[in-house]
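Labels run A, B, C and D following the written order; every chain starts at residue 1.
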Amino acid sequence: MKREKNFGISGERLKYGLVGGGPGSFIAAVHRTGIDFTRAADLVAGCFSRDSVKNRTAALEFGISNDRTYSTFDEMAKREAARDDGIDFAVIATPNNTHYAASRAFLENDINVSCDKPLCFTVEEALELASLARDKGLLFMVTYAYTGYPLIHHARELVRSGQLGAIRVVMCEYPQGWLSDRTEDSGNLQAKWREDPAQAGIAGCVGDIGTHVENLAHTVTGLEIESLSATLATFVEGRTLEDNAMITVRYKGGAVGHYWPSQVAIGHENSLAIRVYGSEASIEWEQEKPNVMRMMKKGQPPMILTRGGPGLGRAAARWTRIHAGHPEGAFEAWANIYEAFCNSLKRHIKGQPSDDLEYFPTVIDGMRGVKFIHDCVKSSKADSAWVNGASQYCV
Amino acid sequence: MKREKNFGISGERLKYGLVGGGPGSFIAAVHRTGIDFTRAADLVAGCFSRDSVKNRTAALEFGISNDRTYSTFDEMAKREAARDDGIDFAVIATPNNTHYAASRAFLENDINVSCDKPLCFTVEEALELASLARDKGLLFMVTYAYTGYPLIHHARELVRSGQLGAIRVVMCEYPQGWLSDRTEDSGNLQAKWREDPAQAGIAGCVGDIGTHVENLAHTVTGLEIESLSATLATFVEGRTLEDNAMITVRYKGGAVGHYWPSQVAIGHENSLAIRVYGSEASIEWEQEKPNVMRMMKKGQPPMILTRGGPGLGRAAARWTRIHAGHPEGAFEAWANIYEAFCNSLKRHIKGQPSDDLEYFPTVIDGMRGVKFIHDCVKSSKADSAWVNGASQYCV
Amino acid sequence: MKREKNFGISGERLKYGLVGGGPGSFIAAVHRTGIDFTRAADLVAGCFSRDSVKNRTAALEFGISNDRTYSTFDEMAKREAARDDGIDFAVIATPNNTHYAASRAFLENDINVSCDKPLCFTVEEALELASLARDKGLLFMVTYAYTGYPLIHHARELVRSGQLGAIRVVMCEYPQGWLSDRTEDSGNLQAKWREDPAQAGIAGCVGDIGTHVENLAHTVTGLEIESLSATLATFVEGRTLEDNAMITVRYKGGAVGHYWPSQVAIGHENSLAIRVYGSEASIEWEQEKPNVMRMMKKGQPPMILTRGGPGLGRAAARWTRIHAGHPEGAFEAWANIYEAFCNSLKRHIKGQPSDDLEYFPTVIDGMRGVKFIHDCVKSSKADSAWVNGASQYCV
Amino acid sequence: MKREKNFGISGERLKYGLVGGGPGSFIAAVHRTGIDFTRAADLVAGCFSRDSVKNRTAALEFGISNDRTYSTFDEMAKREAARDDGIDFAVIATPNNTHYAASRAFLENDINVSCDKPLCFTVEEALELASLARDKGLLFMVTYAYTGYPLIHHARELVRSGQLGAIRVVMCEYPQGWLSDRTEDSGNLQAKWREDPAQAGIAGCVGDIGTHVENLAHTVTGLEIESLSATLATFVEGRTLEDNAMITVRYKGGAVGHYWPSQVAIGHENSLAIRVYGSEASIEWEQEKPNVMRMMKKGQPPMILTRGGPGLGRAAARWTRIHAGHPEGAFEAWANIYEAFCNSLKRHIKGQPSDDLEYFPTVIDGMRGVKFIHDCVKSSKADSAWVNGASQYCV
């Protein structure tokens, strides 16, 4: 029973295991760096690759003992659950097609989960995972890490406190340019799996980065999608999945929005950006310049808010790690969601409530993302007909 | 017969008359400044206001003699046509609801026309005006002045010469914030007529600024709209016409686009902006910073092109009025379309072809704009159904 | 006696003559465009070139009659002064070496003057011209046109009204890159005369653009230079005059400043920029983006002020020609100083005071500029010793 | 003998001790985060505060055993040196006035050092430390962490490879606004010690941030200061040390530069910025936007280089931790200098050379900084006379 565990001092560390992260992997290293930043958890177990050589190589690199280096996540889940000093949570950083099975394996063995996005392939799977986590009383993070930036928490605070007034228009986009050619044919593994439905799921661009758009817009505004109309397109010849999407959104309450994820937008790296227009004020923020936010109040000159600078509130201060003027970046955003998750988990294990629960994205966000992907594909296939929106389902 | 006229020296000036421009008007003064800039035409006649006092006041201010100050545009058209020294062209700078009748009056009297946008209220009117101009052999400019910026001509040249490759995605927007409240109730006349269907036509935001979006996107890319799906919304209570629109566009040939005109986007002044993504390169341009353009070639660092700076072509050079580093602005854009119009008209009168014909927007652009407005309204009323696009009609 | 003249209606136009402006000249065309913009004065006479063919060619182009096309400015000054309908002011737009003689010729003949910068070559000449204008009761503008931008007037208003508090630091620079090579050897006439002491005077970069830095800083802050320390350098081999200068400034009252004019700063066009730091607030402005100004109040987020936007005062409003969001540029800045000059001149001729007198740069600014050039050269030659500053002399 | 130590596998970690870092300290936490990022060293010993309660509190927080928690750095140096498992290096993160004594203590006990900047108070002290390190064969880093940004390494590579041509002008500045009032009176400890000569040394602003300017300019350009002329000023009444400095620099070889550190520049946070102008190209970089650099080649449009993006070389790639488009920040810059230091130290201990030696700032940089501070103060006291520059001394 994990719950009996007692963290005597604030400094005691959690233990986690990693699924994925073998040589050549990218995102697992980002998870690890984010966690290390928090100083809240240690990597003690893993199933790093299906290839046994790669698996052991990674274990050696990470300093994991042989008896906690597993061939399958199932084995890992069972054996870690059986240990007195078993892992407190599992990090799942594999390609999309194993997210569901791996998450389920750990949940079924009473182990908390942090899974990369998208959560899984179908809404049914998502519901199953969300229900399982709820029923077992486990924490489940889905790592939409862009929401970890302090100014995103400030934006959300502005919306909630009514400083923007009634939200009218949301413009959110995530243009990238790296798939403007057949990058997947040039030996780029990151490109290759993204274009393979068996690994990536039913959507390409929408599944990979469109869900970040949906999650960011929802996190900041709290708006629920009433219906959406999507136009998916594949521009690069021979590609199976879409590489660009235009998505018009009607929110409950009357606001409208537009989401544009694209992987053929030459000149863009990770230009995730959000603009929210309310009846009293507006805000603009770009992921590539995460330490500044533009705020425009009705009838006043636009203001430049900076992380750590004047005019910010409690939420941004909570997640600021260094003085204003010293830029924070993506690793710090990852650290923030992991710190919120680990803090909450430490308290959860001791049966205590946590103020940090709202600062990391959960399985519900993951489920909303999966629903969004399916709705976009469904709408696009129906000549961009309006379909019910991403936020209809909840556990 | 105007055509017999001979401009003996390059410096000879055209003569023009003005409809509108009485005390308190805004846009007529912009037309006049643009024309003055060119030194190509003199104001010699006018029908400045229906109010006879205002009409004579304006005439006095502009130095127009009593016998060329007219009570109606019909009278002006007939009497100027009858003079040996009659006007070469009429400038129509009245509210939208007189554009059609005034334009027709001058065309019927063999007088060339420069009319503000939108051209008129219905596609049938637009067709009639376009046909009349064609049959009479008259020049007809519709003053989409944003296309007069030198870097827009450069953007068009880049597209035509294939430097962007095949166009894939067009993102074009025109957010303003000035109507985020009931500005029309506060005595702002500019706001008031725009929200009155009798004066503004069937659309608000789309008619006023959405047509600029459509015109800019078409001018730069040359793409024809195959179909569009529009979602119009009115956010300010009590307002009759829409103040925000989301418009998804499918172009002939497979490109897609999104247009966003808004008048409730707090913090924006005239943030008309276009981004064009091709298979080889992309460009970004903002009307409020018209002297710079970002160009992003595949696999290369983004470049900042400046008006007058290195890397530009013939078209931008043709319309640059001052050295790089000395900013040009909106008046120069107006001057450019008027210079292209006046140059072409001088040659047209002498029966000569003109290279400048492609550098000013014509009645065909005006007609396309009217069609666009109607298509947007039609689509929005049909739950954002796809409707045939703006470029289906041509004379 | 010019003073007897009566402008019966506000619209009556002044008459001016132009010295310089023959084929191939640059700055004279800018003067003319600025004046045309104001609709306050007509070009009626000129001495456009020493080359008689060029002189007559320009006269033909400008529509100037033969009897008012003069071979020398002396002839022009005398004969125009003798006419009942003689010119109200002369515009001197020749290379630097004729500024003094031409200005004196017109002043001596009781004709008001608008002269390009720098005013002349020596402080004694400058004093003579300033005294002459004062004694004759004539208006004398020196066209430091960058001070005509509306936001510069706003900046000055902020300083005067104490909104910046006590000024502490002024950073002002004008980097250009066009002389980073021996441009003067490639047939570029603009480069050639600038590097010839006989035509340009004792300084290169400091005389050409350093004076703009000095004038802008003085106009905005009102600070008087107590002493300065200059380090002039010539980087391009074979060049006679300096192409870069570092100038440290101590102002009366304790503030300090740094001026950096350069013509070897590759990548810059006309990047004149000023930053003023006070005890209560700071401002930043760049000539190439003249429609925005950054204002930073102590303890508050930075604000972006826009020409025509919220938060501006009377002075900026006075000189704004078009709504916010429609960019104004360099020609409008020229128009503004000419409008202030012409308005003042009309009233001056009628013996009336003018509120616009403070909105154009005068012979006193010109004299300060000449003193500044000499002080910089003197300091640099004395191993950057402190020398008395530019504002010691006044008439 | 440390040198006999053998790191059997690449992953073996170094051990380090920390001087400073008790409750409330700022910079020590930054050192620790930077080191943790590298996964190359563990904190095992410390002397965290002179206050024994604070010392033990910190030890508890950091998980340091009692026997390795020391009351003085002298004791720490001696006892760690005596252990078989003693620390490999000491991190000195105390106020400036203990840097010298603490550094010496560790060096004398054969322990490598990483010391915060400025290195010490006098040039003689600096020379002594540098000589000691050299004679003992120890590595000594001085943590000018801003040089750890990947684009700074790229800038240096551009200079070295001749892509900028001959360097002509260097503009470097570090404006801050946080001391524009008597912040030191409001209980801000960071402000207080900086304004106390006993703790901060002979200079305020120049010692605190001016040395960063000097170090950044030297790191990027490699230029040696021949002489400098400084004007120090104190604007806030009652303050002992200067809060603003204008420093003109002549480099060996003929280039000139200007350095502006300020702590009264309202609106600035940590706006360290450098611009380098060469005969072939120029570059611009700002610390607050560390992932982009502007490069301007002669006769070409300016380019925007991004960390991880196209057009970069080996050095930037070496220090890039995450894909382009995911911003890196200040912690990563700290991690980079610590990774270079730790990598070099591991190899150094084994008697091997290291390619990373050039990627961290050393005691020589620290010495140059101390010399720079003294030269600035000396020049300013002598009415800004030229004094020999910072790079005259070397070991």
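Heads up, the rule we're going with is that a residue touches a chain if its C-beta (ideal position, glycine included) is under 8 Å from a C-beta of that chain, and two chains touch if they have at least 3 such contacts.
On a predicted model such as this, the values are computed, not experimentally measured, just so you know.
For the interfaces A-C and A-D, the C-beta contact count is higher for A-D. Same-residue interface: chain A and chain B share over half of the residue numbers found at their contact. Distance between Cα centroids is largest for the pairing of chain C with A.
Once the centre of each chain is set as its mean CA position, chain A and chain B turn out to be 45 Å apart. Taking each chain's centre as the mean of its C-alpha atoms, chain A lies 57 Å from chain C. Centroids of chain A and chain D (each the mean of its C-alpha atoms) stand 35 Å apart. Of all residues in chain A, those touching 2 or more other chains are 268, 302, 306, 309, listed in ascending order. The touching residues of chain A, when paired with chain D in their complex, are 9, 11, 26, 30, 33, 36-37, 39, 60-61, 63, 176, 268-271, 287-291, 306, 308-309, 321-332. Those residues of chain D lying in contact with chain C across their complex are 168-169, 171, 175, 177, 180-181, 229, 231, 233, 235, 244, 246, 248, 250, 254, 256-258, 260, 262, 264-268, 277-282, 284, 294, 296-298, 302, 383-384, 386. Partner chain C is touched in their complex by these residues of chain A: 295, 299-306, 309-311.
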